[in-house]
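Input: structures, listed below.
Two complexes follow with chain A in common, the first pairing it with chain B and the second with chain C.
And now, the complex of A and B:
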């Protein structure tokens, strides 16, 4: 399978996590460690940018579930942005739009945090 | 001293030392026999003519000791002669010994001075043979430089001792007289042996002298040869990585003439140090920090040396290392770590050290790669075993056969992925009235557990148990899914969830009611049209609050003749070809539509055929589950009877 990589950028107090490639059972631990690092660093305002994500499997979706409770308890949130149609469809089927805020652009998500 | 002869180890230096000691004893014996014996017995010549009992015993002991020493010496010389002698040359030595004996025994002729030429001839021949045999010293090349230097000194001393002993024994002193009294032949043999010793050690001295300049180069060559043996030892020692690392540094020390060695291994984010040899952890840590202070260790893929003289923290080191050489350990062109060797004092690493270390690190890399591959294959085997168990669980959980109804034909196909994907489907017959096929209800579920492998299989088993019992309570799909979510709350890990669709067909009312918890939509094909039944709903385990129940919708449709209801998991729509493109909804719906007039088995066969054609040789990443139901409203029609008869068979095909 193709590679997966992440990068984290701090944008006016909001941590933006960029995902690239294939997020599945094998690559999910990478994202998990990203989230763990952010949480242990006290950063609970997280925006995940899906622009370059090609595919997400159920195990990949599980990563978001694993941390959301902790993050929301700390007055933070994970907001999802810039998904391609295929990735959005996967989130949509599972009912993620009812559980997460999904935005068209990264800026929208960041603005939402700053409100 | 006997063990020198017992063991066949190559140890010329101890032989030399033994000879030296024996010589010294002789020297003392000869020197003090004069003064000591005359002190006790007065004039020796008188005692010899009229020996008292004590004198006899003493002189006997004296001669015996000397005889023993002579034999020992002779044996040592013999050992020397055959040391590292490649060609079989015992004939030279044996000839020499024969002449030694002849020269010794012929000394009995000294009573007849006219015959003394016989003895002299033998002695001369012996001396010639001694010279010839002494030149053939070949073991000198095999000792290391340090030993050669000490040998130089020893050979001078021992040679001198031999000459002194020889000269002393030809004098007319007490020693000589005692020997002559006992056995002139033994005395002669002793003298010849002394000649042999003097010549041998004189030759040894010069040979050693000429060997000294090349000693270091020879040492290194010898070490290279022996390191080849180490390499083969390396290759076989792949079972344990830590053991391997220990061996690598141990050998690195030997091949590079260094004082210390250790390995720096790249972990995910840090550098780990291991297998320290002759160096403390703190020293190694300090030096490691210094040598990688400017270089990015990720980028360093070549050998380099570093002078530690400029190291500002050098004074903190327990040992004053002066230079280090670092060479990468690579597997698959990827730098996995570094082998570091360090020297003390004023020594630096020269080109030959460099080539030795580099060659060695290549071998070490191969060994490490082997070790890694072995570890991987063990891990793979373990995973495969685990997956076998998971597949077995899954096989037992899925229904063994499709149920058979007059008005509903069912076909299910399940194709497991190599890594068990967590697909689950099941059928529940609710309130089935044996006598009346048109009454009762039929429930079905299709689900996909997140994650893969054994953990997914266990969740599947749990999900089966939950739906098995909930389906009996005869509630609506929405209520069943809501209850299932509540039950799963207790056991499901936060990052696991289950997508599911639950449907109930009411034979009496001829309706299908469906609720969907995050699963793929249910496809209904009616009158040549594809309808996606996609009521709202969140996956099981994603929300344990009120959100789940509040958002869950239930759809009810009235069934019509030839309605085709298709349940599937994303293993179908996400089946990939070699270009990693998805099979997709459109293709899937097309196949269903094109074959919707056929019976359910034929339709599912067509779908699987299309997917197989599409994915070619591509790997199947996820489980594929396809369940097709076809509703027959007027099952009493004649044409349908035939179809019914052929349907009574096991229809689940687990491919």
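And now, the complex of A and C:
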């Protein structure tokens, strides 16, 4: 079955969202609700950790697109980190690295917000 | 390459057009593509292409009809895996879908046409046949080579 889960942790004022499993059209609404909750709680500095994400389809990529402008309008950003090659490849095919900052480690992404 | 086969009998999967079935659809592709000897990277690409085709069916063709059926048929012959996906929902004109434009998506806050682009990029060939009021068919194929 398509297993997907998320967890959110606060790291010195930055919300880190951890993704695990398969992000497709079925599971994308879970991530949407994470972003909605963060935004309504006034949290706009977001790092998404992809370490345990094994699969993403365009429905999953769409979630990032749906919220990014609202977050940037509020002086925030969604920064991405620790993607495996397979997932990065899909982001890359679709030109997403033009729109999102992607970091090798979670620390690098968090530090970027603190500069 | 131990289980490389020259031909398999056509295999079929019928599921309702609901997103909860996407995982089962991907598993079906995984099983068959690995049984004929594709490498995992190619299988991953095929699973994604089929997921995108089925997601399009669920979101568009069967938007108002979640009990609509999706029929997936796979055959392998002449070193080519041919995946046929059929639905009986609303038809559409694939040529009307523009090439993806990431800046445009940014402005509109949404993505559209990415699935189609991925299918064309990840497979060797993608063909659509739509008979309005009857069925839509998308045919995805990939040849087995020494590289994949």
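One rule holds for everything that comes next: the second predicted complex is superposed on the first by the 114 of 115 C-alpha atoms of A that agree within 3 Å, B and C clash if a C-alpha of one lies under 4 Å from a C-alpha of the other, contacts with A are read in each partner's own complex, and residues count from 1 in each chain.
In this text, a contact is a pair of C-beta atoms (placed from the backbone, for glycine too) under 8 Å apart; a residue touches a chain by one contact, two chains touch by 3 or more.
The shown structure was predicted, so the numbers you read here are calculated from the model rather than taken from an experiment.
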item	value
Chain B versus chain C as contact partner of A:25, first or second or both or neither	both
Which of chain B and chain C A:66 touches, first, second, both or neither	both
Touched partner set for A:83, first chain B, second chain C, both or neither	neither
First, second, both or neither for A:14, with chain B first and chain C second	neither
In the superposition, chain B vs chain C on chain A residues touched	C
First, second, both or neither for A:93, with chain B first and chain C second	both
Intersection of chain A interface sets (partners chain B, chain C)	1-2, 25, 57-59, 61-62, 65-66, 69, 86, 90, 93-96, 98-99
Footprint of chain A on chain C - complex, ascending	19-20, 22-24, 26, 41, 44, 48, 51-52, 55, 58-59, 100, 102, 105-106, 109-111, 114-115, 117-118, 121
Residue ranges of chain B in contact with chain A within the complex	419, 422, 448-452, 494-497, 499, 517-521, 536-539, 541-543, 547, 551, 570, 580, 582, 621-622
Footprint of chain C on chain A - complex, ascending	1-2, 22, 24-26, 55, 57-59, 61-62, 65-70, 86, 90, 93-96, 98-99
Residues of chain A defined as touching chain B within the complex	1-2, 25, 57-59, 61-63, 65-66, 69, 86, 90, 93-96, 98-99
